[in-house]
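Shared between the two complexes below is chain A, which has chain B as its partner in the first and chain C in the second.
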Partner chain A sequence: MAMNMNAKVDRYNRYFSIIRFVVAVFIAFFISFVIMAFSTEHPFSALLNLFIGPFTTLRRFSTVLETAIPLTFAGLSVCVMFKARQFNLASEGGFFLGALTSAIVAIYMPLPPVLSIILALFLAGIVGSLVCGIPGICKVKWNSSELVLSLMLNYVALYIGTFIFNQVAKDPSSAYSASFPFREGVNLGNLIPKTRLHYGIFLVAVFVVFTWQFIYKTKWGMKLRIVGENLKFGKYVGIGTTGIIMMSQLLGGFIAGVGGGAEMLGMYSRFQWSALPGYGFDGVVLNILAKENPAYIPIAAFAVAYLRIGADYMYKKSDVASEIVAIIEALVIVLVAANAFLEKYHHKVITRVTAGDKGGKE
Partner chain B sequence: MKTLVKVIFTSSFFYSLIRVATPLVLASLGAVITSNAGITNIGIEGIMLISALAGVFASAFLGGPWVGLLVAILVGVICSLLIGYVSMSLKADSVLTCIAFNTMAVGGTVYFMYAVVKDKGTTLALDSGKLPSIPIPIIEEIPVLGKILSNHNILSYVSFFMVFVVYILLYKTPLGLRIRSAGKDPKALSSVGVSLLKTRYIALAISGVLGGIAGAFMSMGYVTWFSKNMTAGRGFIALAADAMGNSTPIGATMASLLFAVAEALSYGLQVTTFPPELVQMLPYMATIVGLILYSIKRNADKAK
Partner chain C sequence: MGDMNSKVVLKAEGIVKVYPNGVVANKDVNLEIVAGEIHALIGENGAGKSTLMKILFGMEQPEKGKIYLNGQEVTLDSPKKAINLGIGMVHQHFMLVESLTIAENIVLGKEPKKNGFFLDRREMLKISSEVAEKYNFSINVEEKIENVSVGVKQETEILKALVRGAKILILDEPTAVLTPQETKNLFEELRNLKKQGHTIIFISHKLNEIMEICDRVTIMRHGVTVETKEVKDTSPAEISSKMVGRDVVLHIDKLPAKKGELCLEAKDLCYTNKLGKMMLDHVSFKLYAGEIVSVAGVEGNGQSELAEILSGMKEKNEGEILIENKRMQDYSPKAFREKGVVYIPEDRMSVGSAERMSIRDNIFACKVDQYLKKNVFLDESRMEKDAKKWIEDFQVLCFSSKQKVNMLSGGNIQKVVAARELTEDFKIIIAEQPTRGIDAGTSELIRRKLIEFRDAGAAVLLISADLNEVFELSDKCVVMWNGKINAYFEDTAELTEEELGYYMLGVKNQSKEEVEKIWR
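This part shows the complex of A and B:
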């Protein structure tokens, strides 16, 4: 009977987390709707445009997928680093410098295209590792705050990157600030005509599987989870915690760098970023939504991408600024991350379930 | 090297040093209060940003920069309490809450800016005014010193006054003792019948006041408009200053001044041939180096 009751409680817990999520999303949209009502006379049509936007043309729907690719990379990167309980936000800088690295390889490396692409992505990953490794090593060696350090490091990455870009890659004949074009064929191709969807979508799928396997099916992944959940216990059972933490930061950085490279080679033919892309913070957002499980990150990335593309459409049609999405996202995240949200209700249900079970026994 | 000396040894360099230090000092004091209470308030970045916009709106539509300042402070407190409510009462992870809050601040301010002035970049279209600059009677007359110290925005003077206010508050008042105990020994605090939650809310509110003033300075003193993401990581630098200053008001102020030197230098060097990107990088790089050196020193002290 006890087994049965546990299973029942488990089932109710699962239902509860789904209900909680739905209620969180609903509240977030409701509050955002109220905010929108202040700035437009047609909040209903604005909201409708937000939802139907991505389905209005094939191009727009494919844009959702295109947007979800870098988001997923960012989510995976943050996932691996946060698993070690390191609040390292340097994915942002890793992403930026990774993209720049791949662009430089794509411009200058006189290799067959396929080799160029592989080299570009690999070097981008290495650069990402270096960026995310800095806060990691300062944390394990001197106990510096990886959070503050990584926030500062992102700006340094931006300005160093811009400096390198201006020195070695900038095309002086370009009307706007852009690099020389990439060499012929050095891109991730085109999957569907008239869209920009590229083969990076397969690459990211591989990374999702690989990351999930790594975290849940390998010895290193297990050690990583132990260190993340209880550092002291990890030390006690003889895990080289420093090595494991560093490995997770380097691996997370590698994923971020490759993500930057894939975004660059997939979506662009010249490097033209002049600001941080924001993927580091997006990665955190995705991990809250996906409960830090790599398998759910693509789904969360799709949802966030869907919202953003919908918001762009809404901005065009309804003149409501697309940035409302930032408010919706933040509200959902906060409610999902809030452990006490609806907890009273949860408690009541569980009490009733267990009490009912006892009643049945008598 | 010669140009560097030329840039530094001018009264305008020291004048701009005080100007750029103002928001850093205010925000780092806010960070000092919360970290003494045992909270890492990364949300200070977003608080500054939202307050800056709220100040501009209130100033333009409600009655001038003083009302703007008041509203900025009020909004700072509300944001701070909101962060507290979510992380303490709703029990969400405080780091994640603050990251979400900052993300919302960047997007949300653009949303409201567009809703009001139909511009996603700046509020230049609004006539939002500026808090007054104050000439200081006697000091003004002194040759070099006068140029450096006089005629600053009133909030610059407020910020340095706040260093003492926060110092006295933390170390000389019962509330300060409670705030420090909330960080050092929460159990002891509850054992004498003081609510930990309430103390932390108060600390957050005070840091909201300071963040609000910092925000108001950005949009109604430093410049006279709001622009997208205008805080540009100053809240994060303030956190670094708090860490380097060992969470003491004087220490954090010193660290803020150090970062301000890097920032003022970056403006001074912009007129030279030094690569502009590397100049812009200076304050952030200085923060990183400062933080690492501080951690190394702290570790060495511990080892002794």
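This part shows the complex of A and C:
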């Protein structure tokens, strides 16, 4: 009857979003292939390299995972902030300053390595919170645009960071612009010999589970979702909306900061960033792909990392520019984000599914 | 009407409309409109009336079915096309520019031009006053929309359609926002339009209006047109039973009120809106346990502001509120809830629910802290158990508590709102237009619940523009006009609709002493 029909439509809608995703990816690759065909004489081998490349050696595959770790942190950070409908892009700055903070702790803190690492990551998180908290507090206090403010704030973070780096951490004896080396043992170790894969992968897994639990299973998460879905409704049901918004910005910033710290202690032995790493923006992209669900963010992060490493391999093996991959990435996102994509077909099927239904609107 | 000469001007045949979310709004709709008639379309909310009208006005395209205009098949793929073919529509929510004059609104989009570029003001005034005169609308076309009453706004909408050459006029619940006097006036104008050869499709929930003004009536139920009848051959009881598919009790019996303790006292509440208009002007009253006090009034006279202040959604400028003789310190929605005030807001979509969240999330939005394990984690099994119970109790039609609210019809969304609010631990209910635009079955359910809770000792403040509801439910009644309480009636039963109408329009005002009886 009508009830089952609704359940059927609901189920169908779920299938449809998967189908749409697959078709979007396929079309994106097809267009990319056409572009490749113009820029190389061997488009097939180039495409093969792009796909197979990341799997050809263990080292390459682990590079995919290494790349996915900071992406996942960034995705989670943005996810928590977006859940409150705040387009706060300060994760970028939080990531950068978090990395710097952890580097400074790793250089100077005379503690046993494990304690140093914990302290470094924790302080990195706090710094991330501070950075992302600024647009948040300006929004709830003075209703300023968190989007504009956070974009500008990222540059403030970059130059303050660079200033601090020059003042306290720069190693004058280094041939390139880098900090003093981290103290012995203050790093996230090495999981598989001959790769750079580090224990940060476990940390990020913990954060994925934690974030998902937080958003969907705790009282704060439920309030956060309510406020994000409908601010007025949140106020009406008696939720302290400003508190919830601030909480989500601080937590998002914390995740970004820890992500920066983990990247620094996992992949480097000296701080050497002189520009924003770009993870904050990647975080936005991942949330579009993962539909703002923390459980899908690692998958999206893996996919993006896989594409990027594949591109790198393709670039080395053939004459296709690695920029092609940026095009593929952009095309997938445009198609996934376009709500109306395949909508006509969707509607036709829904009509067919409901045909013969005798239950009316209810 | 039914004679052999009657000519079918508009005909819809086998219309099927499915919305992208899978809602089948029209399943098998057949409608025949005869030239020069006033044709009523009646049905519960979610029966598919609005969808059908949107299709006839070109705003939605049907999946199946044919539309004939004067015997010729037409495709109405945009409102523009419908207008060109002589179909006009007056929406429930007016589409007018507030800061422009009536004349400017009437010609908007097809302004007369001087030298092909400049607006020809004189011609504009001529066009609009001529059309107003032709159809006997007594309005001043040079007045700004923001300064005129709802009735005049509606007349402007009608004139707008007429200037565009509408021969067939669709009116979507035109009387929902009008006072009895304004309604009477509108009916006069509609009869006049009919006399001049126009055809009118009249959508309404109100049976007595259909009986009064319409020639024929088509009843819709669950996306299907059930029947078309001559109004003179039918009765309100017959229409309503066909509409609902069962016999509706048009009157709810209630026990006499048992006045209890003083629950809420408002003293000199004042509120000035953003535009600087004083919406509440020293409003004072008392609410007692076990009584339903209704606030009647034409919309925009401060009732919604009053409801919003009493629920914490807006902050008063002056005055104070005492709950159980204790002065409120904090006027946030949370504080009101903690003191046992629940609120059924007028706008159930943008205030009363988070439409993209599940029914369960909506019901527990204000109860999160009471359903926890270890004080942090949501106790989902207990939520599910109670959600099931309440969904049944409030008769929400759904297949699971996890269904999203935007998949429900208006009436069912309101049931979700009621299920959330009326399961709180409360003493005072502020109900703002609780049955507006929802079907008779749901209205009955919600009204019964309000009376049930009144009998159990709750104080109810009912803000309603629906006079039937005011008469049916309330023990006492106040009227708001121009931000003030201008009348107070100790016993609603002794009141007539006409009498109330005069106070609603501010034609009559009680003296200060009479109103202040409410203090005793």
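In the analysis below, the second predicted complex is superposed on the first by the 355 of 362 C-alpha atoms of A that agree within 3 Å, B and C clash if a C-alpha of one lies under 4 Å from a C-alpha of the other, contacts with A are read in each partner's own complex, and residues count from 1 in each chain.
We take it that a residue touches a chain if its C-beta (ideal position, glycine included) is under 8 Å from a C-beta of that chain, and two chains touch if they have at least 3 such contacts.
Computed from a prediction, not measured in an experiment: that's the story for all the values here.
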Legend entry - Partner chain in contact with A:I18 - chain B first, chain C second, else both or neither: neither
Legend entry - Which of chain B and chain C A:A337 touches, first, second, both or neither: first
Inset, instruction - Figure out whether A:G240 sits in contact with chain B (first) or chain C (second), or with both, or with neither. - result: second
Inset, instruction - Mind working out whether A:I192 is in touch with chain B, chain C, both or neither, as first, second, both or neither? - result: neither
Inset, instruction - Examine A:I160 and indicate which partner it touches, taking first as chain B and second as chain C; both and neither are also allowed. - result: first
Inset, instruction - Identify the partner contact of A:I350: answer first if only chain B is touched, second if only chain C is, both if each is, neither if none is. - result: second
Inset, instruction - Could you tell me if A:L58 is touching chain B, chain C, both of them or neither one (first, second, both, neither)? - result: neither
Legend entry - First (chain B), second (chain C), both or neither touched by A:V34: neither
Inset, instruction - Scan A:A205 for contacts with chain B and chain C and give back first, second, both or neither. - result: neither
Legend entry - Interface residues of chain A shared between complexes with chain B and chain C: none
Legend entry - Residues on chain A engaged by chain B in the complex (per definition of touch): 35, 38-39, 87, 89, 138, 142-145, 147-149, 151-153, 155-156, 159-160, 162-163, 166, 281, 284-285, 288, 320-321, 323-327, 329-331, 333-334, 337-341
Legend entry - Partner chain A, residues of chain C touching it in the complex: 16, 18, 20-25, 27, 46-48, 63, 221-224, 311, 313, 332-334, 336-338, 343, 345, 350-357, 361, 364-366, 368-369, 372, 376-378, 380, 397-400, 403, 407, 409, 412, 420
Legend entry - Touching residues on chain A, where the partner in the complex is chain C: 3-7, 9-10, 12-13, 217-219, 222-223, 225-226, 229-230, 232-240, 343, 346-347, 350-351, 353-354, 357-362
Inset, instruction - Going by the contact rule at the top, pick out the chain B residues touching chain A in the complex. - result: 40, 42, 86, 89-93, 95-97, 99-104, 106-108, 110-112, 114-115, 120, 233, 236-237, 239-240, 243, 275, 277-278, 280-281, 284-285, 287-288, 291-292, 294-296, 298-299
